[in-house]
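Provided herewith is a single structure, encoded as structure tokens, for subsequent inquiry.
Labels run A, B, C, D, E and F following the written order; every chain starts at residue 1.
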Amino acid sequence: MEQLFSLAQQNLLSPIILFFALGFSVAIAKSDLNFPEAIAKGMSLYLLFAIGFKGGASLSGYGIDLQLILSLLSGIILSATLPFLAFVLLRILTKMSAIDAAAVAAHYGSISIVTFVAASSILEIQGISYDGYMVAVAATMEAPAIISALWLISRKNKASKGLDGELMREILLNGSIVLLIGSFFIGLITGKDGLSEISPFISAPFKGVLCLFLLDMGLVAGRGLMNAKGAVSGRSVLFGVLMPLAGATIGLIFALVIGLPLGSTVLLMVLSASASYIAVPAAMRVAVPEANPAIYLTLSLGVTFPFNLTVGIPLYVTIATAVIGA
Amino acid sequence: MEMHEAKRVEIIIEKIMENRLTDLLIEAGVKGFSVLPVSGGSGSSGHWSREGQISRAQGMSAVVCLVKPERLEKTLDAIFPMLDRHIGVVSVTDTKVMRAELF
Amino acid sequence: MEMHEAKRVEIIIEKIMENRLTDLLIEAGVKGFSVLPVSGGSGSSGHWSREGQISRAQGMSAVVCLVKPERLEKTLDAIFPMLDRHIGVVSVTDTKVMRAELF
Amino acid sequence: MEMHEAKRVEIIIEKIMENRLTDLLIEAGVKGFSVLPVSGGSGSSGHWSREGQISRAQGMSAVVCLVKPERLEKTLDAIFPMLDRHIGVVSVTDTKVMRAELF
Amino acid sequence: MEQLFSLAQQNLLSPIILFFALGFSVAIAKSDLNFPEAIAKGMSLYLLFAIGFKGGASLSGYGIDLQLILSLLSGIILSATLPFLAFVLLRILTKMSAIDAAAVAAHYGSISIVTFVAASSILEIQGISYDGYMVAVAATMEAPAIISALWLISRKNKASKGLDGELMREILLNGSIVLLIGSFFIGLITGKDGLSEISPFISAPFKGVLCLFLLDMGLVAGRGLMNAKGAVSGRSVLFGVLMPLAGATIGLIFALVIGLPLGSTVLLMVLSASASYIAVPAAMRVAVPEANPAIYLTLSLGVTFPFNLTVGIPLYVTIATAVIGA
Amino acid sequence: MEQLFSLAQQNLLSPIILFFALGFSVAIAKSDLNFPEAIAKGMSLYLLFAIGFKGGASLSGYGIDLQLILSLLSGIILSATLPFLAFVLLRILTKMSAIDAAAVAAHYGSISIVTFVAASSILEIQGISYDGYMVAVAATMEAPAIISALWLISRKNKASKGLDGELMREILLNGSIVLLIGSFFIGLITGKDGLSEISPFISAPFKGVLCLFLLDMGLVAGRGLMNAKGAVSGRSVLFGVLMPLAGATIGLIFALVIGLPLGSTVLLMVLSASASYIAVPAAMRVAVPEANPAIYLTLSLGVTFPFNLTVGIPLYVTIATAVIGA
């Protein structure tokens, strides 16, 4: 308990969280601080490029082992099944329509890569190491949740066009995934030599860029909340806090079953707990335009993302440490 | 300068549907179009802005398409199913163009 | 395809006044609008361009607003005081829209 | 609100010719214009997009110019030679403006 | 005198000044070199983030002392009163209308943060240290000048709407201020630990970014001058050179009275001498659209900014050194 | 031969080439990965700024020697004459119209600065040094080819407006040239001191930025090829591979005649072998709108650029090493 508090406090006072909080609060105070869209996108390209490459380079030289394969499989299974849990929870807790609930569920099965990056930064500060292949696990967890949710929707709504070939290609080849996985493999191929060539670009400045990026995320999340007032009920907000806890718990069970070490366990919990706000919202707009985007964007970016960043991550670290031991 | 009757079709549609829409336009035999960025807006589904956004879910594009009057009906028929399901607005304005053979 | 008469109001106004203008539009009961970026221009107050600019003082936005003909008068009345003091141009064009109930 | 007849001339032209075009407009006595970015499009010379581009050879701009009806002929005559050689489309739409003296 | 020349020469041959000069001259030669607006804005966000954070972090661990409070007070008083001096000077020197003169005066009471950053870079090269809280002083000097100028205008022009609540909020919560002050406080809170985390992003590359940014400022200033030919008279240009000298002198007096050390004295002189071209022009467009923006933008960005960068800063360093001693 | 293979393999497995290949292939697979135009332009500004400055700084302290002058002269002569060779080759190999052939020829006489940067990165990895003034040689090679090609066109097409004063100014003062040459001279003037001030910005992160930039170039090249299907014939593609070999050979002869050392010889070969895709296409659109841009953009960016990057550069290094000795 004491550890949890000290960790939570340390986390809340880290620059990345403080910059997120700064953005969130000045957006609500209606400051005109903002980042050009191109800069926000440029920072997100940088972050994906850097974590992909570093993840791959750290694996280079190791063969493919069983744990890697089991981790990837776990990711796929988690992503494909968590939407069902989310859907049931939503139907019990809230009065959301089945379509809206399924669309929200897709987001919670999928992942938020920035939450993942923030968690790995926090692990680094704690001196807890993790496996480079967790980046690949993150990548596998984007798409399956979408397919599960579209299946849920097609059951309810016969008219729904669902998953055509073009959408499938868009989901599997979406820019974020392609950059993450591509950088991962280039890191894997070029290994330590490659890393030493570009490390001054992707390692040293990484945390500073992350601060700026979270400032922007705070601004966007805060403004989103302001514009969406009324779109989400109190019970939906409750879901936005309970679902990450449920997801993290199930992620922990998977990690225990396949015997992941501490750092990677935390990351699998974080991936399970986090909700997408880039790939999944886009897919939902295309496939399920009837679902209200204000609901899923607000829950994912306005509720669950800040919750994970501030309370969730230190909690998951504490629980995993208690269960597995440091 | 001889000018010819034409229609200026302006479609403001979700960015994520932009390519699908322009594919429909091309299938409908339209000879050309231009896409203009939209930086923000407001409608029944609320207020939005592209500032600081990385999500591809929000945001609109304006597709401007000059067509011969006789091609209008087919063009509108082609895009109607998409506009029925997706948020967006269409306006059709009488205009004049220089070289009729281009449209 | 049944089309309905509407007005396309295009207001090119100083960027710094954009939010105040759109607030006026909403107060006037307009159902929606879209904002398009303007990258440069020229007028009685000279030539300008957004290239390399960090100042928020220069620069214009184009606000496009489709309204029912009966809502036009009220819309123009609402924005007139602002346009009288601030640089900007307004044009109103007859157009046709698909679903009249949206405007 | 008293409104006056005017013409909305919209010229979509290669970005590289933008300054040369606006110089022609100013020479032709036009009182003002606004340039809107175009992010992509399609025509007889194929499909293009500005995404990720550093080349200045591709890309178009939309130049919107509100003019008094009596100034239209001269404006079109001035820009015609350029549009004859360079890719681009022009549309001229009847519109109404607020303060006639500005155009 | 000798010191002044060597300092001026050293300054004129530093990369940041040379890049500004490059931009200025190729703009006048009508080169098409230009920076996308998003990149210019991105660089300015970076600079504010970096100097705010570094200023705050350098203060962390120290308590609030009297000199800090006196410095902040001096900043507010300088910003609020310099517009009156500027207004009187303008009415004597030029034929500008009262409205235009008041709008220009608002700019000279307020500050240019890039001039501040350039001056602190030059101090660092000279090995002269300064207090981290000068960043906070800079932030306090943005708004008071606007209020003074609007008061001047409301006296002349009864019709003027002046300062409504929304404008007040915009001025106090404008993006630059919020980022500068927010980063300052996060730097203060996270201190040395925070700084060491993001220092490779905000310290080492800082001067390089500043070079690129000043290249862009040179381009914008040069193009502004080209487009504004005729908007400003010779006597206005004279004002654009005299006013910074007057402002710096008054800043020096305040610094002597409150006993600031050398580096901070120079910075207070620079703040008093510099003229805003981001926050104040925007406020003037909203509140006083009758004032001609070509006049105040040209004077601030086209005349006073280059003057301070090339001649002013080395002059202020020399004078302060002579008066206070190294 | 063995050296060639090991070099080619090493080159093909370097991060910069792999990122180009990633971009190229995901573009063809129709992924939506893309860079905002402002970010692409920002990266290219950074690269020009960095290589210009580093080139100039490395020369600082040395006087102007004969070899420098001869190198600049060689650059000008190569750029002015290679278009004639290209034109003849095109007329023999392909069925292109004279206008199209002349427009393509202008591109091959001029240079691709990214190919130059990639080659200098590869030389650095090989531990082969080169002269800083090669950056200036690159700059001199942009314009002459355009003039030669416009002369060719004016002979064929009397109606052609050709080279008016405004176009000439645009070509000579185009943004890329001005930034490259300006940074070169500022590097030259400020020398080691200037370099040490901004080196953490322009040296350490350079290769990482280059990777991201080549990823973007791969995306643009791949998409260009997809959109241009049918615009270029098989024989044109053959030209796009033969011409760089011919150019490199002639570049080698010039280098031998003026006695350049190994590294600079390779760079002169690379400059002669590369084809412009920024400055020249823009000039051709203005002066020769009748020429089909799909042809010259596809050949330069879609064929010759990837060829030089993957096969050409290692080949030129091997040949130059064989001829000159390491």
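Of note:
Methods note: a contact is a pair of C-beta atoms (placed from the backbone, for glycine too) under 8 Å apart; a residue touches a chain by one contact, two chains touch by 3 or more.
Here the structure is a predicted model, which means the values were calculated and not measured.
The set of chains touching chain A and also touching chain E is given as F. Between chain E and chain F, the least number of touch steps comes to 1. Taking D-F and A-F together, the chain pair joined by more C-beta contacts is A-F. Superposition angle, chain B onto chain D, using Cα atoms only: 120 degrees, a multiple of 5 between 0 and 180. Remark: chain C and chain F have CA centroids separated by 45 Å (rounded to whole angstrom). The distance from the centre of chain C to the centre of chain E, each centre being the mean of the chain's C-alpha atoms, comes to 34 Å. We define each chain's centre as the mean of its Cα atoms; on that basis chain D and chain E are separated by 39 Å. Residues of chain F found to touch two or more other chains are 32, 34-39, 41-42, 204-205. Each of residues 36-37, 56, 93-94 in chain B touches at least two other chains. Inter-chain contacts, as defined above, occur between A-B, A-E, A-F, B-C, B-D, C-D, C-E, D-F, E-F. For chain C in complex with chain B, the residues that touch the partner chain are 1, 3, 6, 8, 22, 26, 31-37, 61, 64, 66, 93-98, 102-103.
Every residue of chain D that touches chain B in the complex is listed here, in rising order: 10, 12, 36-44, 60, 62, 73, 76-77, 80, 83, 89-94.
Those residues of chain E that touch chain A in the complex are listed here as 36-39, 41-42, 45-46, 49, 53, 169-170, 173-175, 178-179, 182, 186, 189-190, 194, 197-202, 204-205. Remark: chain D residues 14, 16-17, 20, 45-58, 85-87 touch chain F in the complex.
Looking at the complex, you find that chain E touches chain C at residues 34-37, 40-41, 44, 166, 216, 219-220, 223, 227-228, 231, 277-278, 281-282, 284-286, 289-290, 292-294, 297, 301.
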